[in-house]
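There's a structure below that I have some questions on.
By written order: A, B, C and D. Residues from 1 in each chain.
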Amino acid sequence: MRHVPLRLLLPALLLVGAFCAAVWVTFDYPGPDRHAADDWVDAARLTGAVNVVSAIYLNVRLLDTLLEVLVFSVAVLGVRFYLRERGHVETVDSIPESHVLRLSSDLLLPVILLLGIQLTAYGHLAPGGGFSGGVAAGTGLLLAAIALGADAVARRFHEGALAHLEWAVLLCALFLAAFPVAFGRPPLSDLLPPGTPGGLASGGSILLYNVLIGVKVFIGTWIMLHHFILHRGEV
Amino acid sequence: MPINGVTISILLFGIALLGLVLRRDLVIKLLALGLVNASTILCLVSLRARPDGAAPILGAPGESVMVDPLPHAMVLSAIVINFAILALSLVFVMLLVERYHTGDSQQIERETSKEEEP
Amino acid sequence: MISRTVLLILLPVLAIAALTQRRRLSAIIAMGLFSFALAGTYFLLHAPDVAITESAVGAALVTSIYVLAIRKTGRITVVASEAPGLLQRDADRISGLEWEILERVARAAGLDLTLTFLPGDERLDAVRRGDADIAAGGLLAESADGVLETPSHLPTARYELRGPAGQRHAAAPDRSPPAYFSEVVDAVRACAALSMTLDLARFHTLSRYDLGAYEVRSMEGRGGYTFAVSPDRDDLYRHVVEELSKMRESGELDRSVRRHFP
Amino acid sequence: MILALFPLLRFGFGVLSIAWGRGRRALLVMSHLVDGALIGLLAATFRGGRELTFVAGGWERGLGIALVGDRIGLTFAALAWGLGVAVSLYTWNRNLRSYFYMLLHLLVGACYALVFTKDLFNAYVIFELLTLTSFLLVAYERRPGQIWASLRYLFLASLGMGIFLLGVAVTYYHVGSLDLDLIAAHVAAGPEAGWIALASALLVSGVAVKAGVFSFALWLPSAHSLAMPAVSALLSGLVIKMGVVELFRLSDAFPLDLPLVVLGVLTCSLGILYAVASSNVKRLLAFHTISQIGYLLIGFGSGTLAARLGALDYAVAHGLFKALLFLAVGDAARAVGTTDIRDLTARRADIPIASKIALLIGVLGIVGMPPFAGFAAKAVLEAGLHSTVVHALVGLTSVGTVISFSKLIPLLTLDGPRSLDRLRLAAYAWLGGSVLFFLPLSRTMIPQSIWSCCWSGWAFFEALGAILLGLLLYRVLRHVRLRLPQRIFRIEEGVLVILGGFLLVFLLLRLRG
């Protein structure tokens, strides 16, 4: 906060203060309670999912979710585009292995990957879902990259193939979701039956979407992290 | 002043705005931008929160009332979108810092205006 | 209820702490803590889905890409002038006492080394601008501004070289050694007229030649060789100091000096 | 259901074009054909002012995401399609990467999605998709200036979207729904409630950042002037209009008359002042875009049907001629190697003749010369204005437009290289033709009753008078140098100015209530 000129500091304090005061005073919180959870419980019962949030996220408001996955893909694409072509061909020497790091990565990585799969697969039954599962698993790979070197991990997960897989999965998700959104009747489960609530094979197509999104986000996260590792810039 | 999620989120919004205006380093500015988005998300989540509420999972034991799940579903999208924006702008900040060897927004402003309008 | 209030009050505190940090890394770490506190708050607000997503994305992923972006991505940039014995190029290998020390520092810090050769005066400027992390290669301790000077790793005497004996040519320019060292070697080989101040490393190299024609005089005051570290990299500075003291204790430093200056 | 399928198909084409990079052009052509057919189908469905409401996935209203198909949405979808075609033609031979085509598909698809949605949160997600794609498009050539302009854009747009989301939170807390129709019913039932001012001020400020309203969108001049010509055309012609559409939808639900008119007047006058003062031709166009957004806001805020329809009409017209101008100026700037007006004038012989003709058509359209696009739309808009003061200001802005574009008149000589890429000519012809024949086009948009009362001789006199007065003033004021503050275009001041704009809107709404 050093060296802030007064002609910036004073208006900033004044305007930000006025903004916060205006919002706080007229928000009228806590006001009259308009509780609407019951509608959502009914909607979730229709879909067969136990986790009401995932019923909304992947069934009632699937259109939002599709757009959001597109936003994420555009971001991955942008990171690839801007970090790839900077003429850095030298390979990154792995950070020298330390025994503790190696061991912790060996122990932790499977746990994290399992956690990711569990979050994805049980998204319709418990908190979690494809997105957090994919991100958790993708970040787990970062740990492996620190311990074994990014190249070692990248050799195992060939990036060109991964990128293609990513787009294929996205296309699949778009295709599988577009038709229920456009033609379906609630609960958008034209693809799969709702099943008995509580079982793994329930919740209609929520499980399917969760798996698709999980795979896509896992790949996207790893591609993004890999480019950040490869890029030897400075900030 | 009651301490609830909405009040705190408005306070956080103000802090983030000040950070966005007063700090000149681009990385810190990005952190402040992340804080702006985090505070709106906190606001959404705590809108319908109630002390006696229950998480929006069907068949949870107890008599408590389920909190409204719609804001939660919205917020999931918003978190992802904010991450996407953050990653891209971080890449751009990296490119700019590599070019100008500084992360100071006003110095970069001067350098670019020199280049674009000779 | 109480834990929720405590977490809610903690949030602005962490946010202010994050946004008022001077160093980027500490700001990022504070922001990571903020995200964890936020995830905890969500959990207490009965939003477990949001809490899980926030801790996976906000705390883990965002913090790691910030850290990946701001680290000087795995390398120490060294700028140096060639100084025989200290840091020299033999074919395409780099060797020398200082290079050995730097390699140890890099190993301790878990980073790679990249080396750029720059003429004497430009090295310190590069470090001051932040274009390089460490300046090396026969840098004499002289308390320069805007850089961190490590404790001297090798004391040096200065020698004055004049000759051929007693014939001081007024025309011979009084050059400072580092940039023009090869000319000095040529001059000594040809037994040409010379008037020169030399530090230990260069004197040592010259003493392989026959200096009989010259008058050699040890000069007043003793200097020492140092590294100059960029003020932004105080982590590197600490590593250098630590490694030097370790090498000194184990006697590795002395052995190394003897190896490079037989 | 076509409404939901329409954008999703386009997204599918986008994803395909990056997965199958070699077929990107074939996919582009195919997607334009499919979209053209769909737009035709929808136009047939909406004949006679019919509206079509569809909730995604067939959920009941209030739960699912509501999409509404009406003439307004369709018009803007057609604009998006038309500009998409023009940009595809223009960039056909430049051998751009599939990355560019993917972003183009996503941008156009996001526009399709936005014009039909009635759901606030859905609008938020689509806006973010639009922001991200246009952000990447601005910096496509990776010049440092572009990167910096686009980073500033992202900072301010993201802040704006944060403010918008806060507004969504306030609205949802008090209404319990995100559907704009339900919100409108709720607001109409209790118009005195205190939160309405807050919610609408937050929502308007958030959208205004995207819509190019003066104090909110100070990222716009540099982003629009530094991007490549094709991208500038898309941003200025289309992306800005998406914010305008959302403002229009919001003004259906919330009582926004007064703040919109005030913001409109501010935007008009300040935008045109900066346009007159700028000596860089692309920057002039960008500032001019801002001033034209002011017209639209005045139109929406005036409350009469004629003014609102006229404003929408004008938005389409502006999209067409601004895109044409950006493409033509882009070619001219590439031929000469500078965007400075004086340098361009000095070396005007190097500018291809086709670009000059396109420039002429664009300028005639933009200054409101009868019977081109600008004139037709402006006549309808002005017929709906009741306040004389506002009307006079709109007239003054037209004069300012003429003054600022008079700087380009010396460029229009009849010499220059005759050869230009054929597909570029096709892009010019596509846009120029629609500017020339806009009058019959807009006939179909506006009901007969309003149409007939716009056409007094007064409109002709006013348009011609403004042009003559502008030319005259330009002769007189040619050598006057206007110095305007440039500091407000930095990030720091940009944030503060957004907050100031929010407080202005908020106070106006409180005063009115």
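Note that in this section contacts are C-beta pairs under 8 Å (C-beta built on N, C-alpha and C of every residue); 3 or more make two chains touch, one makes a residue touch a chain.
As the structure is a computational prediction, the values presented were derived from the model and not from experiment.
Colleague: Between chain pairs A-D and B-D, which one is joined by a greater number of C-beta pairs in contact?
Modeller: Counting C-beta pairs in contact for A-D and B-D gives the edge to A-D.
Colleague: When you average C-alpha coordinates per chain, which one falls nearest the overall C-alpha average? Tell me, please.
Modeller: B
Colleague: For subunit A and subunit D, let me know how many angstrom lie between their CA-based centres, rounded off.
Modeller: Centres of subunit A and subunit D (C-alpha means) sit 32 Å apart.
Colleague: Find the geometric centre of each of subunit B and subunit D from their Cα atoms only, then give the gap between the two centres in Å, rounded to an integer.
Modeller: Taking the mean C-alpha position of each chain, the two centres sit 28 Å apart.
Colleague: For subunit C versus subunit D, what separation do you get between their C-alpha means, in angstrom?
Modeller: Here the centre of subunit D sits 54 Å away from the centre of subunit C.
Colleague: Quick check: how many Å separate the C-alpha centres of subunit A and subunit C?
Modeller: The computed centroid separation for subunit A versus subunit C comes out at 41 Å.
Colleague: What are the residues of subunit C that contact at least two other chains?
Modeller: 24, 48-49, 53, 57, 61, 65, 69-70
Colleague: What are the residues of subunit D that contact at least two other chains?
Modeller: Those would be 121, 125, 128, 132, 136, 139, 142, 166, 173, 492, 496, 499.
Colleague: Mind pulling the subunit B residues that touch 2 or more other chains?
Modeller: In subunit B, 4, 11, 13, 17-18, 21-23, 27, 41, 47-48, 55-57, 67, 70, 72, 74, 76-77, 80-81, 83-85, 87-88, 91-95, 103 touch at least two other chains.
Colleague: For the protein chains shown, what form does their contact graph take: line, ring, star, complete or other?
Modeller: Graph shape here is other: it fits none of the named patterns.
Colleague: Dump the list of chain pairs that touch, please.
Modeller: A-B, A-C, A-D, B-C, B-D
Colleague: So in the complex, the part of subunit A that touches subunit D is made up of which residues?
Modeller: Against subunit D, subunit A makes touches at 8, 11-12, 15-16, 18-19, 22-23, 26-29, 31, 34, 36, 39-40, 43, 59-64, 66-68, 70-71, 73-75, 77-78, 81-82, 164, 167-168, 170-171, 174-175, 178, 180-188.
Colleague: Please give the residue numbers of subunit B that touch subunit A in the complex, ascending.
Modeller: Those residues of subunit B that touch subunit A are 4, 6-7, 10-11, 13-14, 17-18, 21-23, 27, 47-48, 55-59, 65-70, 72-74, 76-77, 80-81, 83-85, 87-88, 91-95, 97-98, 103.
Colleague: Considering the complex alone, what residue numbers of subunit D touch subunit B?
Modeller: 121, 124-125, 128, 131-132, 135-136, 139, 142, 144-145, 147-151, 154-155, 158-159, 162, 165-166, 168-169, 172-173, 178, 226, 280, 490-492, 495-496, 499
Colleague: Quick one: in the complex, what on subunit A touches subunit C?
Modeller: Within the complex, subunit A touches subunit C at residues 1, 51, 53-54, 92-93, 95-96, 119, 127-129, 131-132, 135-136, 138-139, 142, 221, 224-225, 228-229, 231-235.
Colleague: Could you please specify the touching residues of subunit D with respect to subunit A in the complex?
Modeller: So the residues of subunit D touching subunit A come out as 1-2, 4-5, 8-9, 11-12, 15-16, 18-19, 56-60, 62-65, 99, 102-103, 106, 110, 113, 121-122, 125-126, 128-129, 132-133, 136, 139, 142, 166, 170, 173-177, 193-195, 197-198, 202, 492-493, 496, 499-500, 502-503, 506.
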